[in-house]
Amino acid sequence: MSRNSISTILQNYNNENAGVKAKLYQILMHGKLAGSGRLLILPVDQGFEHGPDRSFSINSPAYDPDYHFQLAIAGRFSAYAAPFGFLAASIDKFAGQIPVILKLNSNNSLTAKSQVPDMAITASVKDALRLGAAAVGFTIYPGSPKAKDMMEEAREIVQEAKSCGLATVIWSYPRGGDLSKEGETAIDICAYGAHIAALLGADIIKVKLPTSHIEQAKNKECYKSAQIHIDLLTDRVRHIVKSCFNGKRIVVFSGGEAKSEEELLEEVNAIKRGGGHGSIIGRNVFQRRWEDSLDLIEKIAYLYSAPC
Amino acid sequence: MSRNSISTILQNYNNENAGVKAKLYQILMHGKLAGSGRLLILPVDQGFEHGPDRSFSINSPAYDPDYHFQLAIAGRFSAYAAPFGFLAASIDKFAGQIPVILKLNSNNSLTAKSQVPDMAITASVKDALRLGAAAVGFTIYPGSPKAKDMMEEAREIVQEAKSCGLATVIWSYPRGGDLSKEGETAIDICAYGAHIAALLGADIIKVKLPTSHIEQAKNKECYKSAQIHIDLLTDRVRHIVKSCFNGKRIVVFSGGEAKSEEELLEEVNAIKRGGGHGSIIGRNVFQRRWEDSLDLIEKIAYLYSAPC
Amino acid sequence: MSRNSISTILQNYNNENAGVKAKLYQILMHGKLAGSGRLLILPVDQGFEHGPDRSFSINSPAYDPDYHFQLAIAGRFSAYAAPFGFLAASIDKFAGQIPVILKLNSNNSLTAKSQVPDMAITASVKDALRLGAAAVGFTIYPGSPKAKDMMEEAREIVQEAKSCGLATVIWSYPRGGDLSKEGETAIDICAYGAHIAALLGADIIKVKLPTSHIEQAKNKECYKSAQIHIDLLTDRVRHIVKSCFNGKRIVVFSGGEAKSEEELLEEVNAIKRGGGHGSIIGRNVFQRRWEDSLDLIEKIAYLYSAPC
Amino acid sequence: MSRNSISTILQNYNNENAGVKAKLYQILMHGKLAGSGRLLILPVDQGFEHGPDRSFSINSPAYDPDYHFQLAIAGRFSAYAAPFGFLAASIDKFAGQIPVILKLNSNNSLTAKSQVPDMAITASVKDALRLGAAAVGFTIYPGSPKAKDMMEEAREIVQEAKSCGLATVIWSYPRGGDLSKEGETAIDICAYGAHIAALLGADIIKVKLPTSHIEQAKNKECYKSAQIHIDLLTDRVRHIVKSCFNGKRIVVFSGGEAKSEEELLEEVNAIKRGGGHGSIIGRNVFQRRWEDSLDLIEKIAYLYSAPC
Amino acid sequence: MSRNSISTILQNYNNENAGVKAKLYQILMHGKLAGSGRLLILPVDQGFEHGPDRSFSINSPAYDPDYHFQLAIAGRFSAYAAPFGFLAASIDKFAGQIPVILKLNSNNSLTAKSQVPDMAITASVKDALRLGAAAVGFTIYPGSPKAKDMMEEAREIVQEAKSCGLATVIWSYPRGGDLSKEGETAIDICAYGAHIAALLGADIIKVKLPTSHIEQAKNKECYKSAQIHIDLLTDRVRHIVKSCFNGKRIVVFSGGEAKSEEELLEEVNAIKRGGGHGSIIGRNVFQRRWEDSLDLIEKIAYLYSAPC
């Protein structure tokens, strides 16, 4: 892809003000994948989500917030996303060297199992402006009894962020309520979750890679009669991208738990071929040793930037 | 009906400021039914309500938000209504070509069955102003344990919208609480729901077509002793219009699930003869192929504009 | 009573600003009972409370909001009270011809039986100012689990209304919680409810006519040892008036469901002799035919204005 | 005590602004006990708490809010405390003649038994300013499931009142939750409740007279090992005063239900000897006849002002 | 450690404004441990948490808020922390003599056992500014059903405090929900709680000393495979410090219930050797007699300032 493709992508954001478009341009033109129309984002909110030990003990230098800035810069990621305290502790040393996404809400694993899925809002758009962030990130849990509250919060934050010229990333992770565990990553549910994120005004949508399971009975008929292909991961990625305004929104896929390099590269290949806009990879990177992670990033970037 | 009838309609809104009246005039004077005193509105919130696959897979181009603007413009609808993200993604290309109604709250089908009927507020009056919308739309669920909260939200939004010179459309869909499934479209309940929307200050009221079922025991006596005719759909439409301040408010009826052309045209005929102000038709249009839908719209418009 | 009695009444409101006193003066000096120190108010919130059919089908012209303005003006009522949409639809034609009371909260009969008694706030003090209203009305349900929330809302609205120079009317209808059905109109409960309305700062207090039932055990002893007469309706009215700061607040009584002319006139007689400040009569008026209702109002006004 | 003791007391409020100190001075220098360092306050919130009949029927003139102003002035009380409506109805006639305390929250006896102890906020600091009040009063119920909400409300009101130069009185009445009925007036619970009021920033703390019961097991050991005397009411008063920052806050005790003159005077004697700053006496005054109540107040004042 | 180490510590706060850094400098350079990089803080919120009697009866002068200021000044602590009323009562006499931390939320032991762990917000950042405080303190209970609300409150307060140039201290005390009693002080839970406080933007983190218990099953594997030493208290302190951004945040440990001098000094030794930044000691100080407490503080300070 050429620089031209960036302007093609940005045309889909023509209603946004110059500030928002400039921030999307900044992220799309940064790092190894600059100008390719693909993104590689480093997210480090696992300390909040799973605790510091489960996240960092396997690669001890990762307890230090500096480490992740250094990794994101050395690995030439498109952007680095983390919660407030983690960014604030190190931003002073690395300001301007990498686009930053401030994650505005967070869950944690000390929450009782009986609580319905929800997050705490732990940062604000004003924090993002002070930290010099390019974007804010916000998670919604469609399906949760708290989903409507989260959507309302998301919309207020999207509106405020846009008015401040910041881009917005919505993590859409269906869970809770009537959804089965398998249903959380079902193709129809992922597509629905991604669509909702787009409807809420997200500039960039982050979802999990979907399985070929179809959760809702009525959707089974739809997939059948419309002959939607979902057997291959590539097809499923393509369907998610279509569900995001027929490809008019940037969609990135998360890597999930640490896995083998081979599995990961296969996923990247499927994302690329399916028209996905990139990967957001945390544990698969910072839970590897420094050299190994840089080596892996190199391979991922190579795959994304090679011609289809 | 002549242009004159528009000024007759607008006289019922004499208490509104010039901004609100101008927006009503804009909608009443746009498209095929311009000046007829009838409205034909295209609503596309089904992606939010039912998910993208159940809504769009049957007519794959409909995944693209541009499609619906193009359809509303080509079909010469009176107005096009959709949630924030859907409008924002395409408004830049079509601004000014069709009056737009921003839907401010939305439900979704990932909500657990055990949750009481409610919506999330997913856009604001300020969003409507920025998008150049002519009106805002808001749904209430009279009967739901959340109904009073929804009415309070509706009133705040109506007040803000009017103060900004925007028209307001209230979708009034009774459900939940003590209402039976059949009662949701009962004639007495539809009339009550429509009346509440009018009391909340709606300029345009959207309800479902009522059945001849009477839900509340006390109302059965009233209908009998007052000899209110409800056997024919035309009569029921007339009663709903009467319940909206004796016809002093614009009332449009929804088409509901996709159905045969014949059924649909019969409904349109009944709405017209009963004095209803028009139809709001979504799935029956965009779930048909492009040519078929334009053909259908042509027939509906012909029916509405032909002399009674 | 002479014009002089109005200034006696207004002396009890000496702490209020000139705006509030002017509004009370306006209501006390309007219509057939002008200057008598008595009030006759037409309330039409039954469309919201019971639905349009149960309220208006018996007298079909009453579906039209214009009808009630015309009735209030022709019947020379002291004031006309209704919810936002009903007033807004017709105010333009009748502005200035009759003092208007905007009802700020409303209940509805679609609410599930299992919900605790509560109302939705459906208008604001700012709405009242824009409509040119003389007063705002607000209902509280002492005894309901929501009663404290309603009292807090009432106080905020009273404070805002007074600061805008508007008078305030509080409908105090005890219900819910530990109260028996019979207790809702018990003399001790009505007196308590009226007293609370006065404590919240109401200028005019609206209660139901009390029965001779005493609900709370401790009050039975009080009534006995203090030899409070409650056998006759006149005595009970007198006691309610006394419970409103020893007659220093204006108290009006509601007519309730439609009843015979004879019953109604007996009630009016009792209110007058007991020192009540008047009646607020809705269904007993607009559910009669136009001529019959005007005839009835004439008789009521005659009773109130005749010397004791 | 001499005028000098007032300046000693005020030194404990050195952190307060001149406005707050002036208001405390005003109250301490008013009425029969002026300059003695003791206070006698007339509270009339029983109409709200227990209803007008249970409060006033035994002494019928007390239904009139003027009566209590007249009583507070004739009896030369230090201050008069009541809810908004009661003060507002009469303040115009008596403004400036007696320091007034506006009670900002109120409970009522129509509340269902199953509701947790709570109050409604029925007036604001701005109301207090408009009424020319010297102080605002607020009740907390430590122990109630609503206690933390009430404490938060109290702190916000204390902060606003101080910023407006008003003094604040906190009624601290432990109840609800795990507290036994007997525990509500236990010495350890009263001390704890009074201490919390002081921590919240109250200038004047109002508590009930404590019994010698100790509610919490751990406190029994403390009282034993620290040899705290609690057998005599005088000792218990002394301990409450100590628990309020070692006597650095003004503490007054409520009289509770109507009782014999002898009992009341014994209590006053104990309060005085124990170093309490006075009494807040309502029902024991206004439920007696005018002459009897003035006679009683005379005796109480004599006791407080006589040398120890 | 030399003065130089203070600038090393402050470099970790380079993103903070000069006001916040000046406040941290003020605390780090005050009292016996000035310039050592260690802190000794006197907290007196036990009157609120456990009641005045359980807190102060063992050392009667401690009922007086002056006592604690005198103790903090005589003992040359780094800072003194207490709730609003306690500080406000004495601040006038001691202003400027010791850095003050205003505790913004408080729990109390009158709360029913069935209530989920929570606190009341009892002071504001504005209060802190008026009292001349150097920092605000806030407690969170990770694990409690209220934890997310508390985290949201904490973040709002941190943001406001920083914007006013105040430092922030977060007390992180995991409890409630699925946590066992033993788990509240488990090494993995303490590390997680401390990490969350850092993520919320705390400048100083206060936790309890951890045990060698590991609460969460997944963490057991992590500790084992990463060979994290937790047998010795020194090692556990070191791990907590690491979990706070690899030592980039100041961490102090609480002394807990009164214990023997020997135990306490052993703990101090472990904190020092493990790289902890100091102790926050309340009951172990003010529940001892004046001379004994000064003697103990002398020994603690000697230990902290002696070379490792």
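Note that the chains are named A, B, C, D and E in the order they appear, and that numbering of residues resets to 1 at the start of each chain.
Assume a residue touches a chain if its C-beta (ideal position, glycine included) is under 8 Å from a C-beta of that chain, and two chains touch if they have at least 3 such contacts.
Just so it is clear, the model here is predicted, and its values are computed rather than measured.
S.K.: Would you mind naming the chains that touch chain B and likewise touch chain E?
M.R.: A
S.K.: Considering chain A as a copy of chain E, what rotation angle in degrees (nearest 5) results from a C-alpha superposition of the former onto the latter?
M.R.: A turn of 70 degrees brings the C-alpha atoms of chain A onto chain E.
S.K.: Counting only Cα atoms for the centres, state how far chain A is from chain B in Å.
M.R.: Distance between chain centres: 36 Å.
S.K.: Using mean CA coordinates as chain centres, what's the gap between chain A and chain D in Å?
M.R.: It comes to 59 Å between the two C-alpha centres.
S.K.: Can you list every residue of chain B that touches 2 or more other chains, as numbers and ranges?
M.R.: none
S.K.: In their complex, what parts of chain E are in touch with chain D?
M.R.: My answer: residues 47-48, 51-54, 57-58, 60-61, 63-66, 83-86, 88-89, 91-93, 106, 108-113, 115, 118-124, 126-127, 131.
S.K.: Would you tell me which residues of chain C are touching chain D in their complex?
M.R.: 12, 14-15, 142-143, 145, 147-149, 151-152, 155, 159, 174, 176-179, 188-189, 191-193, 195-196, 198-202, 216, 218-219, 222-223, 225-226, 228, 242-243, 245-246, 248-249
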